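To keep things clear, I will list the structure first and then write my remarks on it.
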Amino acid sequence: MTRIDEGLVARCTAVLAGLALCATAHAAQKELVIGVSDALTGPGAVYGLPQSNAVRMAVDDTNAKGGIKVGQDVYKLRLVAYDDKANPTEATNSVRKLIDRDGAQYLLGFCCSGPTSAVASFIGRENVTMLVGNAAERTITAQGIPNLFRTRPPADFTGSAAGAFVAKRGVKTIAVIGSLDVSFYSQYLEAFEREFTRTGGKILAKETFGLKDRDMTPQLTKVRALNPEALLVLGYVEPCAFVYRQAVELGMKMPRYGFTSGSEEQFLKVATSEQMEGVWDLRPTELTVSALGEKANAYVAEYTKRFGTPPSPSSPYAYDQFYVLKHAIEKAGSVDPKKVQDSIRSGGIPPEAIMRYLPVGSAMFDENGQAYTTNGAFQWQKGKWVYVSDLPSDPVAYSKYLRSLRK
Amino acid sequence: MLTVRELRAGYGNVDVLHGISFDVRPAECVALVGANGAGKSTALRCVCGLVRARAGSIEFEGARIDHVPGHRIVRRGITMCPEGRQVFADMSVLENLRMGGHMRRDRDQRRDLEALFDMFPALRPRARQRAGTLSGGEQEMLAIARALMSRPKLCIFDEPSLGLAPKIVDEVERTLARIKANGTTVLLVEQNASMALRLADRAYVLEAGNIVLEGSGQELQTHPEVSKAYLGY
Amino acid sequence: MITEALQQVLNGLAIGSVYTLIAVGLTIVFGILGIAHFAHGSAAMSGGYLTFILTERLGLGFFPAMAVALIAGAALGVVLERLAYRPVRDAPQINAFIIALGLTMILEGGNLLLFGPDQVVIPTPYQHVYTVGGLVVAELRIQVMLTASLAVAAMATFVSRTRAGRSIRAVAQNRQAAVLMGVNADAVATMVFALSSALGVIGGALVGALLAIAPGVGEGLVVKGFAVLILGGLGSIPGAIVGGLVLGVSEALAAGFISSAYKDVIAFLVMIGVLLVRPEGLLGKR
C-alpha cells in the first residue's frame, strides 16, 4: 500500500514540476531587448563604460526581481551593448545593428555628443525610443525629436550658472583652455562668458587642445605669460587632467576652474592628488555622496562591488535612464515605443533615480525631451571631490530658450 | 697546409668553378692567375667562407673548413686582404688595424702595431686620420697591414695591385716579397701575371673555372702559352 | 615674451629628448642593417606598459622598473631580429619593409590584448618644481632629459669605445670586410636590435611618465622618429640627437606661437624646409 502511494505522490509531483517548468519557460519567452551604444574603449570610455555598466547593473537587478511587469506579461530583459568608440560612424553602425539585427526598441547609453548627434539625425524615423545620457551638446534636444529624451542637461545650462558663480567669487580675468572645437564645450563657454562678462569679468585667452593631446605645456606657457587670475579648463577628463597637472609643473598657482565630470580615480590616473588640490569642477550635481545622499552611497557601493572600480560621476545618467524606461513601460502597460514615449513625457521622476532632477512643471522631461539636474560647485580637497554649493540654475527659463531654438 | 679538391661554386644558377683542385704548402707562395672572370676570386672567397662550396672539399691544416662560417675562418689562421682594399672608411687608421686584430685576445697587439708601423712608415703619422681620406696606395698598405694584424698562418691577397699607380705596384710587390720572406704562407690572385709569377713558388692557371696549367713560378713565366696569353710577350 | 619663448624651448626639449631616444634606436638599425624598423615605436610602448605594470602592480620604483623593462625590451629586440628580420635579410628590401609593417600590427595588437585600450600614465615620485629666473621646470622633466641624455651617451660610448661597438661600426661600414676580420655579422645584427629596443623602451617609459601610453602613441612616435631620422641625416647618431631636439622645440614653439592644432604640420614644415636647404639632413653626409 505504502509503496503504491509513494509512486502516486512521485508521479503527481513530476507532473506538477513539469507544469511549473512549462509555465516559467512560457514566461521566459517574453524578452525585451535593451540596446546600449556607448564608448567602451578610447578616450570617451571614461564616460561610456561606466554608463554601460550602470545600465547592466539596473537590468540585472530588475531581472533578479522578476523582470518588468506589463499587464499580464512579465518581460525578462536582455542587454546588448556595443562599443561606438565615441565615433559617429561607429555609433550609426552600432545603432543600426541594435535595431535591425537585435530587434532593440529601447536604446540607452550615449555618453558623447558627436556620435549621439549622428544617431539623433535619423532616430526620429525609427519606431524606437532613445534615451541619451552624458552627451551634453545642446542641439540634441533642440530639434524636438519626439522619440528622444535626455537625462543630462545641456552644457550651456550649466555654463551660465558656472559663469555667474566664478564672477561672484571675485575673479576678474580668466584664461580658457579647452576642447573648444567640440561644440558643447564651446556652448558651455559661450554661456559662461555671457554671465562672467556681465559683471565686468574679462576672458584673456581661449586656447584649444585636441581630444588626444597630452602635452598642454605650449598652451599653458602662453596663457601663463598673460597672468590671468584664474584658469577655466573645459574638456574630457584625460586631457583636462594633463592640463591641471602640467599647470602645476609650470608653477602656475592661480585657481583652476573646470567642467569635466571626472571621478577621483580617473583624475588620479594622470595627476597626483597634490597636483589636483583646489581644482573646481562646475558641473551638473552628479554623483557625489555629500551632494546626493544615501541613495548615491548605496549606488556607489553596489557598483564598486560589481565592477571592482567606483562609478564615474556621470554614470547615473544612464542608470536613471533605465528606471525612467521601466516605470514608463509599467505605466503604459505596453512595450509599444509610441505608448511608452507618451508615458515618459507625462511621467514624474522615478524613485530609484540617483541624480537630483529639477522637474519642469510636474514632469521630469520638458517638451523638448530634456531633463534638468541641479548644478553644483565641487572642489578637489585632499583626494576627493567635495560638494561645496549649488550653482544658481533656472530650468523653466532654459526650457523656453531651448524651445525657441527649434526651427 | 691548404688542400682544395674538386671545388665547385657559383652564384645563382651559374657555376663559376667546375671542380678545381690546388694545394698550398707551408711557407709557400702560390699564385692563381687567369683572365677576368676565370673564377680566381670566387676560389678565394670559398676558402674564406664568404661563398659556400657546392661540391668538393677545402681542408686547412687537416680539418675541413668548407662549412665553417666566414667569421670563424680568421680564428683558424686564414686572413684575406680583399680586392679593392675595403678599409673601414670612417674609422681611423689605428682602428682599422685594431679591427685586423679583432679576434686576438693576447697582449702583444701593441708590439705588432709598432712592427707594422715600422713596416709601413707612411701609416704612422696618419694613425688618427680617417682611413677614407688616405690615398689609394696608402689604403692598400693599410689593408695589407690590417690583414697581417691577425697574425695569419695563411694570408690571401685578392688583386692587391688593382687600380694602383706603377710605382705603388712595385711597392706592393716588395711588401708581398717581405711577407713571404718572413715565413707567412701566401695565396695570391693577380691579374698582373708577371708580378704574380715573379713572387710565386708555384702557380695555377685558371681558365673558365678550370685549372689548365700548374707549375713553378719560373716554369710558367717561360711557358709559351702563358706568356702569350697573360704576360703580353 | 623672451621668458615665454625660452619656457617653450625648455618644454620642447623634454619631449624632444624622447624623440631623440626613439630616433637613435631607429637610426642605428637603419644605418647598420638598412632596415626601416617601423615596429620600433610599438616595441617601445610594450616596454612602457611593462614599466607601468611593474610600478603599479609590483610597487617597484620607476627606475628599477624601467631597468627590468629595458632588459625585457632588449630580449624582444633579439626575438624580432631572429624571427622576423633575419629570414629576409638577403631578400629584396621590400620584404623587410612589409615585415616591419606586419610586426607593427602584431605588436600593437599584442599591446592591446595584454594591456587594454585605456591610456596609462606611469606614476613617478618626482613632483618638485624648480624656478630659475622666471623659467619653471618640473623635476620629472629634468629626470626625463637626464635619463635620455645618459642613455644616448652610454650608447654612443659603447659604440665608439668598446670592442663590440667597433665591430658594430665595422659591419655598418663594410659588412664583408668585417666578416673577414672575424666579426660575426649575425651577432652584430642581434646586438643592434637589442640596443635599439632597449633605448626604445627607455623612450616608452619616459613618455609614459611624462605624458601617457595608449594605443596609437607608439605609431605616432615612430613617424616622428623617422622624421627626425630624415631631418638629422639617415644613419647618423649625432643627427638623430640634434634632429630630435629640433623637432621637439619647433613643435613647442609652433604650438605656443601659432596654434597647437597645427603643431604637427608646422613641425613637418620645418623638416621640409631643412631638407630643401640640406637634402642630406642636418648632420648627414653628402
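The chains carry the letters A, B and C, assigned in the order they are written, with residues numbered from 1 in each.
Note that contacts are C-beta pairs under 8 Å (C-beta built on N, C-alpha and C of every residue); 3 or more make two chains touch, one makes a residue touch a chain.
Remember, predicted model here, so these are calculated numbers, not experimental data.
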item: Centrality ranking, top chain (CA atoms only); value: C
item: Identity of the chain that, by mean CA position, is farthest from chain A; value: B
item: Rounded Å distance between chain A and chain B, as computed from the means of their C-alpha atoms; value: 81
item: Distance from chain C to chain A - Cα centre to Cα centre, in angstrom; value: 40
item: Rounded Å distance, chain B centre to chain C centre (Cα mean); value: 43
item: Chain A-touching residues of chain C, taken from the complex the two chains share; value: 1, 3-4, 7-8, 11, 15, 117-121, 123, 127, 129, 131, 136, 138, 140-141, 211-212, 216, 251-257, 259-261, 263
item: Residue ranges of chain A in contact with chain C within the complex; value: 41-43, 45, 181, 207-210, 212-215, 217-219, 221-222, 224-225, 238, 242, 248-251, 269-270, 272, 274-275
item: Complex contact set, residues of chain B against chain C; value: 48-50, 69-75, 79-80, 82, 86-91, 95, 98-100, 102-103, 146, 150
item: Contact footprint of chain B on chain C as seen in their complex; value: 163, 166-167, 169-170, 173-174, 176-185
